[in-house]
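We just call them A, B and C in the order they show up, numbering each chain from 1.
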Amino acid sequence: MDLITEKIKKTSLSTKQDRFGKAISILALLFIAAIVVMIFAFVITRGFATFTSNKINVFDFLFGTNWNPSVVDKKTGLPGVGAAPLIIGSLAVTFLAALIATPFAIGTAVFMTEVAKKRGAKIMQPVIELLVGIPSVVYGVIGLTVVVPFVRSIFGGTGLGILSGTIVLCVMILPTITSMTVDTLKAVPRHYRESALAIGATRWQMIYKVILRAATPGILTAIVFGMARAFGEALAVQMVIGNAANMPESLVSPSATLTSVLTMGIGNTVMGSLQNNVLWSLAMILLLMSLVFNILIRWIGSKGELK
Amino acid sequence: MNAKTADKVATGVIYAIAGSVALVLFAMLAFILVRGLPHLSWHFLTSAARSFEAGGGIGIQLFNSFYLLILAMLISFPIALGAAIYLNEYAKKNSLWVSIVRTSIEVMSSLPSVVVGLFGFLIFVVKFKLGFSILSGAIALTIFNLPILTRSIETSLSQIPNLQREAGAALGLSRFETVIHIILPASVPSIVTGVVISAGRVFGEAAALIYTAGQSAPTLDFTDWNPFNMASPLSPFRPAETLAVHIWKINSEGIMPDISEVSAGASAVLIIVVLLFNFSARRLGQLLYKKLTKA
Amino acid sequence: MTKKGQDLKPVSDFIPDKAPDRFIYQMNEDKHEVALKTEGLQVRYGDKLALSEGDLSFERYKITSLIGASGSGKSTFLRSLNRMNDGVANVSGKIIYRDLDINSKDIDVYEMRRHIGMVFQRPNPFAKSIYENITFPLTRRGKYTKNQLDEIVETTLKQAALWDQVKDELDKSALALSGGQAQRLVIARALALKPDILLLDEPSSALDPISSAQFEETLLELKKYYTIIIVTHNMQQAARISDYTAFFHQGKVIEYDLTRKIFTRPKVKLTNDYISGNFG
């Protein structure tokens, strides 16, 4: 046997390096996966304590309208753990924000991909990136110093409430929806555009009847992403919503969301007490909702692929 | 309305929408900067905050923000890099467990940051008894940052053509060696862009920190650099309110007379830093790319 | 060895009706030194059989061309020879190199590839300097003095006929080289490892005609020291530079023979059709 044959049969430095590299990179990946599992395990265990150790009925929690965990409700004899006002508050700001943001997002995305590509890339791309980059507390400050006084001057009252929350969230999720819509629109094959224009369609007809139709699943995904962001946003909303955990009477009366109650409450309660446990139950709802949004996105994605 | 008129109207509407979006951004930036810049001074940027009287600064908060950012980046970058290397270089495309891990990273990236903060609070502050501390905050920020950074590094790696990997393999270099010495250096520009952009996000994050790094900023002794002393700026066990948390805190429950001035000034500083991160991210990437390919 | 060549007598006039379906030249191992040979090599992508029955022997210090239409399996075959298809496709059968079956588990793939080098269709220099491109794979595995490295860089660049063009700018980024230059650099890089065998996968297809012609000269020069196996879609190129030629069709080696025989008197009708250009 010559030297080369011998070398080829031995485990080389390269092979050893590769085993090492594979091992440490897989370790990093497992670490991330472990964190996700732990987050779910811990938050859900704590969230369930309300129903197991405090014996609160799940339905009372989900549909009860009296949120005041530190005071015992005279009628029911139970602490006020009805989270419905918060859930409704969260859902209301989320849906309203998505509703208002979507036309703006689609319009901006169409502008960037179909109407004015050059200016789109030069001006709107950085605009969208900067909007994504602005920290949520800054949105909160702007909401507090501009939006709330503005709402107050029109509708009276405090100006705090779902409407202000919606406006702030709308601007916050606009860049998310826009940039994802841009990606979808860019992915529409060019021959769709060419064949539409070739049969004499105007640009708007092409956009409306061909491009947007083809991109519908992607746009829906973008909207759900935006809603997920809105639903989980804490500080900006908390600063303008008014933090009054009543059933929302109108869009301009002080209300609360899951995140706002969590932000305000977790530091003021004692670990293991009922007041603390129900807060973890709220966190669990947040967590499960973010899972629901994820599943929704996958579902839309798989529907879109079938076409 | 015929098709041509409809086309014109629609074009007009689209221009108006895009214009208004741009306008909103510029108005917000102008608002923050115009309100905040007059309050900026060397004193404001370096002195400690005051709770009850006017004239406080944001010095400690600013330091805390950068310190936390650096720690979080130091922890999350190697993990994200490892995970991205596995996903892009080793993982088989259609393996079940890789798709499970990918899904969990996706789920992680869509977790509300307040939930990340609460998890950090539960595990590190309460269970591990770290208390409200830099360390708890850095770990929470790491969890917040990991999925974004992993994805951004993975994208950077995937942009390097397979030709380079084949070249390494054909020369008997291990896959790991090829990644570390060939693929990574070639993707440094876009990785740097990704890191700096995510740094901007981390810098502005507050919800994950309220219950981990805490909402108080004890006075620091900037002459003591022993990390084991509580008063040392480097101590990982001291509570550390960051700039973003400070802004939230004074707006929600501040009682000093000059709240709006401090809030405006702090917001302006926060925005300026985040904008700097955003602008420098691409510049830095382009610069590195030019340097890498220069003749 | 199985007798696959049914008709060893040269057919002077090509008679389609009497022509065999396949012809594989059997190398006389006493007369010719075999550098590499394959036995029963099969390549599968999933369930799809991409290559079957390619029992070929490659003579040392000769150039062997693999020709055939796209998708004929010639590149798949070549890439299997130094196991670049590992993880991509399922390769079964034997590849004999220095009396070892290198297509088996107890072979260290990385070490093997340092002896059976490969150059790809598109030039793939690293994003490093010209100098480092050549020295990097060396210094990763051994200690060299600066002088030794300088010498290796100069020799290999001369062998690859690139030295005169780049000797003053070795610190320049390799990414700034033209396609032809980059491909030569890649060859020099492969040569620096002193391989036995050089596998070339359509190395000149990305080059312009002039670079391509120079490249062929380089190969003829290199064959003094290396065994070369080259995939090419350019039949003139195969005819000009190679000693042996294998014609691939639909995942099979149809004919393998001395190049001059293949191009003057092919024994199989398919080969004749392919080289005369009326294919399909």
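Annotations
The working rule: a residue touches a chain if its C-beta (ideal position, glycine included) is under 8 Å from a C-beta of that chain, and two chains touch if they have at least 3 such contacts.
Just so we're clear, the structure is a prediction, and the values are computed from it rather than from any experiment.
Closest to the protein's overall CA centre, chain by chain, comes B. More C-beta pairs touch across one of A-B and A-C than the other; that pair is A-B.
When you average the Cα atoms of each chain and compare centres, the chain farthest from chain A turns out to be C. For the pair chain B and chain C, the distance between C-alpha centroids works out to 50 Å. Inter-chain centre distance (chain A to chain B, centres taken as mean C-alpha positions): 17 Å.
Per-chain CA centroids place chain A at a distance of 54 Å from chain C.
For chain C, the set of residues touching two or more other chains reads 110-112, 141. Residues of chain A found to touch two or more other chains are 12-15, 18. Touching two or more other chains at once are residues 172-174, 177 of chain B.
Against chain C, the residues of chain A that register as touching in their complex are 2, 4-5, 7-15, 18. If you check the complex, the residues on chain A that touch chain B are 12-15, 17-18, 20-22, 24-29, 31-33, 35-39, 42-43, 46, 103-104, 107-108, 110-112, 115-116, 120, 123-124, 127, 129-131, 133-138, 140-142, 144-146, 171, 174, 178, 201-205, 207-208, 225, 228-229, 231-235, 238-239, 259, 262-264, 266-267, 271, 280, 283, 286-287, 290-291, 293-294.
Those residues of chain B that touch chain A in the shared complex are 3-4, 6-7, 10-11, 13-15, 17-18, 20-22, 24-25, 28-29, 31-32, 35, 78-83, 85-87, 89-90, 100-101, 103-108, 110-116, 118-119, 121-123, 126, 143, 146-147, 150, 172-177, 179-180, 197, 200-201, 203-207, 210-211, 215, 244-245, 247-248, 251-252, 260, 263-264, 267, 270-271, 274-275, 277-278.
Of all residues in chain C, only 82, 84, 87, 110-114, 117-120, 122, 124-128, 136-137, 140-141, 172-173, 175-176, 186, 189-190, 193 touch chain B in the complex they form. By the touch rule above, chain B contacts chain C in their complex via residues 92, 161, 163-164, 166-167, 169-174, 177, 181-182, 185-186, 292-295.
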